[in-house]
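Here chain A shows up in two complexes: once beside chain B, once beside chain C.
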Partner chain A sequence: MTLFADSISGRKRRKQIFTLVGTLVVAAYILAPIAWVIVSSFQKEVALEERPPHFLPGPEILTLSHYGFIFTGNVPKDATIMIQAMYTMSGTFILPAIINSIIIALFVTLVNVVLGLPAGHAFARYRFYGNRPVFLLLLATRLLPAISIIIPMYILLQQFNLLDTKRALVGIYSAITLPFTIWILKAYFQNIPVEYEEAARMDGCGYFRTLLRVVIPLARPGIIAAAIFAFMTAYDEFVFATVLTHTMTSKTQTVVIAALAQGLSASRGLIAASAVVCLLPPVLLSLLLRKYVVQGLTARFL
Partner chain B sequence: MSFLKLEGVTKRFPGFLAVDHLNLDVEDGEFLVLLGPSGCGKTTTLRMVAGLEVQTKGRIILQDKDISDVPPERRDMAMVFQNLALYPHMTVFNNIAFYLQNIGTPKETIRKKVEQGAKTVGIEELLQRYPDQLSGGQRQRVALARALVRSPKVFLLDEPLSSLDAKLRAGMRSELKLLHKNLREAGEQKGTFIYVTHDQVEALTLGTRIALMNKGALVQLATPHDIYRRPRNLFASTFVGSPSMNLIEGLLEKADETAVFRFQNRRIIAGPAALTALGRAGCERIPAVLGIRPESLKVVSEEAVHSLEAGVITVEPLGQTLLMNLRIGECMLVALVNPDLQMKEGDSVNVVFQPEALHFFDPKTEENLMRSDP
Partner chain C sequence: MASPVERKHFLRTTAFAYRILLPSLAFVFVFIGYPLFYSISIAFKEYKYGVPTGNVIWFKNFLDILTNPTVAPLFYNSLVVTVKFAVVSVSAVVVISLGIALLMNERFRGSNLLKIALLLPYAIPGPVNAVIWNWIYDPSFGVLNGLLFRLGLIKDYFTITGNPNLALWGIIFAYVWKFVPYSAFLFLAGLSTIPRSVYEAAQMDRAGTWRTFFKITLPLLMPVFQMVLVIQTIFALLMHFGLVFVLTRGGPGNATTTLAWLIYNESFTFTRFGRGAAMAIFLSLIMIIFIYVYLVALNPERRSVRGQEA
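Right, the complex of A and B next:
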């Protein structure tokens, strides 16, 4: 292990140990709740009621019945009547809700890339009247808390007959994520020497061809990072979704998970298992594209 | 009729005038060097010719057609950038082929042309590599090949050698010159080059003509020989040539059948050519700045006719020549002399100013007083 290699001086080694310990503490702080959710999702409901909780459960209290309910709708037979009653309808809605969330998030991502790319490029490359003020105004919209516009937004969507539609959420989430996307992409484009684009112009490329053949390939890590960010934001959003959706045509996973916890009796195991299932798509996505996220987000900003 | 013509081209950036009313004629097949200090507008001029900048005023005319509004991708010009700008995500082959691909050339033709272009600059075996796997010199060649395969109307080069180390630069310089010569002789494509540099050695060695620029304006447009031998003004005289021309302030006056230059109680025979300058001014005596190139100063140990006594301050052997810092009265002069001369610091020597090697400038307008053309 290089960390403890003999060649490193004692002082340097101590510094590295501190860094390691610090990293572990922060990681534990962030990951511990998630770990507990995962552990609970595999425990029988009765075990979850017990105090102290089983942080390292034995085989006798482990079960897959929560996941079974989510994927098949079968209420665990071995549970008491009272616990069976805690399995609400919402549990079976998790999968359709995740699909809703993914569809919405994918469209938001698409809108972000299609609009954010030329916008970020324009802000980065062109001197036009109002470049800076417009850009700052765009960023300033991020300062507005979502809750403050939610009532007007509701009325507006009602007028347009867009309540309880995925389209409405796609539109709102795109508006929320676009400023940040444009910001990331602008910063990324500014890090790419303009000569590549000029060389492309000299090599016979018009605007769109330059974008397609030179700018996009060179900015790929930045574009992917921005796209993932937009996807995650849309996938995780709760406030707008809970107010603007009513049925399973548009309810997202955040809304359905929240619904599981309503009422006096809620199955902790079911909530935990639902949370784990909902976590899977974004986790898989970021693992798949990890390389680009790091490259894209470590670019010099502003 | 000139091939490429700049008419009153002006470029104003916010708060600063980069190019001021520039007129320039470029002939077909010539190697025109835009030379000048940084910030003189030479790169801006090149970029306006390319179409990457749009001029504030004036017209750019290529083969009798006003191309001022034509975007860069439709001007049919190739450019080699200062940082080369090879596309890092493409192989050398695709870098060179990019233009041909963009205009929809058949694949087989592209392959042939790229291979031929690569052969011309000697990089055939590198075609499948990526730019970051190449050395500086190899990248330079790829950039050249990228321009060559297009057979463009004009080659634009923006300080292409500045990223190379001194030795490589000298080698590439010779190759560029040879390339231009071959293109010219091949005939099918004349090979008109516009080359931007701040390096006067590059300008003198490469250019068929040099356009010397300063502060956004054209100072002198002439062959390298003329620029060196007959600088139009003080700026041209000092910018071109290294070490630069020696300058002495004094008075030019008539004396019998010749003219003499007086400074600090010394006199130098200025020769009959200087008489015309006096005649043009219509005076017997005018203030003037004398200029003489370091290699034109004759340094001798014995006193000679019309020689002036000078003290040797320092001696710097440069190999093929010897650089000497001299002092005549209050004046410091630089001389390049034969390295075999046995002189050392502190010696007293004699300097001969040969009349035919002298230049005279007006101290106010800074213009050369001896120019024959108006």
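Right, the complex of A and C next:
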């Protein structure tokens, strides 16, 4: 009897240790790359060009000059001419590019909510001819690689004089994200009892009034999840953006940072700081609204 | 069922529903559907320097890709690279994310912090992820080299992205890091639907950890498992472009030239739009085949039900 109890508690203890070690390993795996780019972004250029790197930099090699350059365009004064030359033009494009990305992503989110909400509602609530096939067809567009329609897109936008415009990207990203938004919202509506809407209709509310007064308040978490998803997808997109934009009127942060990292002469600290600045908007957004993000990730499938 | 009144109601609902759906469908048609059809017509044409010559050459672009001695080897090589990338990265993502999900499912103190940490790679934009790893892999001053050097595992700094044998692995590692959290959340959601009582029963029967995992957890998790495989395969074929673009540009040689990169290069470096479009159609076909194989191979239940019906 005691032997039995011992083996159970021994197993429990082993499990606890295993869980602890596992958590530490996973946390290190996930956090180390991010930590390293943050640490690098605060180090002076000369310190970044030393072997081995400074894992725990002391105050004498820390600097804010990389961020200073991104936000003000001032090169660090205490650096050598050689290093000052590494603060390339494209570094000053990071901030405008992020603003471009955010503007595009916000419009995409707006289109998604305004059009996707009634569409998801219609798929969930109405029995109509072609409901299922049309829905599946919409979802199937998700399987299409961006690269496989990039050529016709490039040629078509050229013909319509829409290359290098934010409008074109908003249109494309909306089309990419709408099927997903509709999917998330449809799934969400199906979990809300239809009786609320019927009651509103009974009280004389029209379609739009019911949508505004009853459906939207009830589906708020689903709408937020869908909106975050649309925003992040638009902010993240690279393939279309890199082919369809040429100047800073429409270049997004994905394009600018990829170009910056490829320039052989760019400051390493500047690249690291740019990476940090670029990842902040979606990371902050998903941390603030993490409940909805996780919900949106899993709701579509389960 | 179909009384005239009901029929009329059904038709009215249909008209109403499509009026609501019209803007969404229009968006998707204009920006996805039409370009897709248009890409077929491009694939049938001959392009020189990005301009159509006016010659319609029908299937010559497709035949070139499969048989022309200057193009076909590139295409087959890109297929091998793509499949290698997809198989390795999907397997790695599935194994690692399942492990993390099992860990988080223990609901210990701090498991919530782990969940928050997992959101970070998910939220980081693809190209930024590529930039982060590019700096980690840096052959002159990268932290990976520094770490291995400090630990005495290497004698001299070495290049990962510049080495044909290592470059693809470098891309895979960076890719896996970003896509593990997504699957981990899906697995975790799947695990949370398995009732605790099942595990308690297994414990009563003194089933070991491995036995419990293989006999209970995995079978009950099968639907989620299958879904994760399909989603991850789609992602692997779609979402590696930024990494290749920043880390290797398809090189060294053609060591990391995936099909997506080959299409990009053909179309926008060499402006051979016709050939690029034809390759893109191949890519779409591969995608469909992949997913179909998964759905059939991994769903014995559905298959047997269908078999009984037939």
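One rule holds in what follows: the second predicted complex is superposed on the first by the 259 of 302 C-alpha atoms of A that agree within 3 Å, B and C clash if a C-alpha of one lies under 4 Å from a C-alpha of the other, contacts with A are read in each partner's own complex, and residues count from 1 in each chain.
Convention: a residue touches a chain if its C-beta (ideal position, glycine included) is under 8 Å from a C-beta of that chain, and two chains touch if they have at least 3 such contacts.
Quantities reported herein were computed from a predicted structural model and do not represent experimental measurements.
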item: Which superposed partner A:Leu115 touches (first chain B, second chain C, both, neither); value: second
item: Contacts of A:Glu198 with chain B and chain C, given as first, second, both or neither; value: first
item: Contacts of A:Arg209 with chain B and chain C, given as first, second, both or neither; value: first
item: First, second, both or neither for A:Gly10, with chain B first and chain C second; value: neither
item: Which superposed partner A:Pro59 touches (first chain B, second chain C, both, neither); value: neither
item: Chain B versus chain C as contact partner of A:Pro217, first or second or both or neither; value: first
item: Chain B or chain C, by number of chain A residues touched; value: C
item: Doubly contacted residues of chain A, that is, touched by chain B and again by chain C; value: none
item: Touching residues on chain A, where the partner in the complex is chain B; value: 193, 195-196, 198-206, 209, 213-214, 217-218
item: Touching residues (chain side chain B, partner chain A) in the complex; value: 50-52, 71-74, 77-79, 81-83, 85, 87-89, 98-99, 102-103, 146
item: For the chain A and chain C complex, residues of the former touching the latter; value: 15-16, 19, 22-23, 26-27, 29-31, 33-34, 36-37, 40, 48-53, 55, 111, 115-116, 118-119, 121-123, 126-131, 134, 138, 141-156, 171-172, 174-176, 178-179, 182, 232, 235-236, 238-239, 242-243, 253-255, 257-258, 260-262, 268, 271-272, 274-275, 278-279, 282-283, 285-287, 290, 293-294, 297-298, 301-302
item: Touching residues on chain C, where the partner in the complex is chain A; value: 10-11, 13-14, 16-18, 20-21, 23-25, 27-28, 30-36, 38-39, 42, 99-100, 103, 106, 108, 110-111, 113-128, 130-136, 138, 140-143, 145-147, 149-150, 157, 177, 181-182, 185-186, 189-190, 193, 224, 227, 231, 234, 237-238, 241-242, 245-246, 249, 260, 263-264, 267-268, 273, 276-277, 280-281, 283-284, 287-288, 291
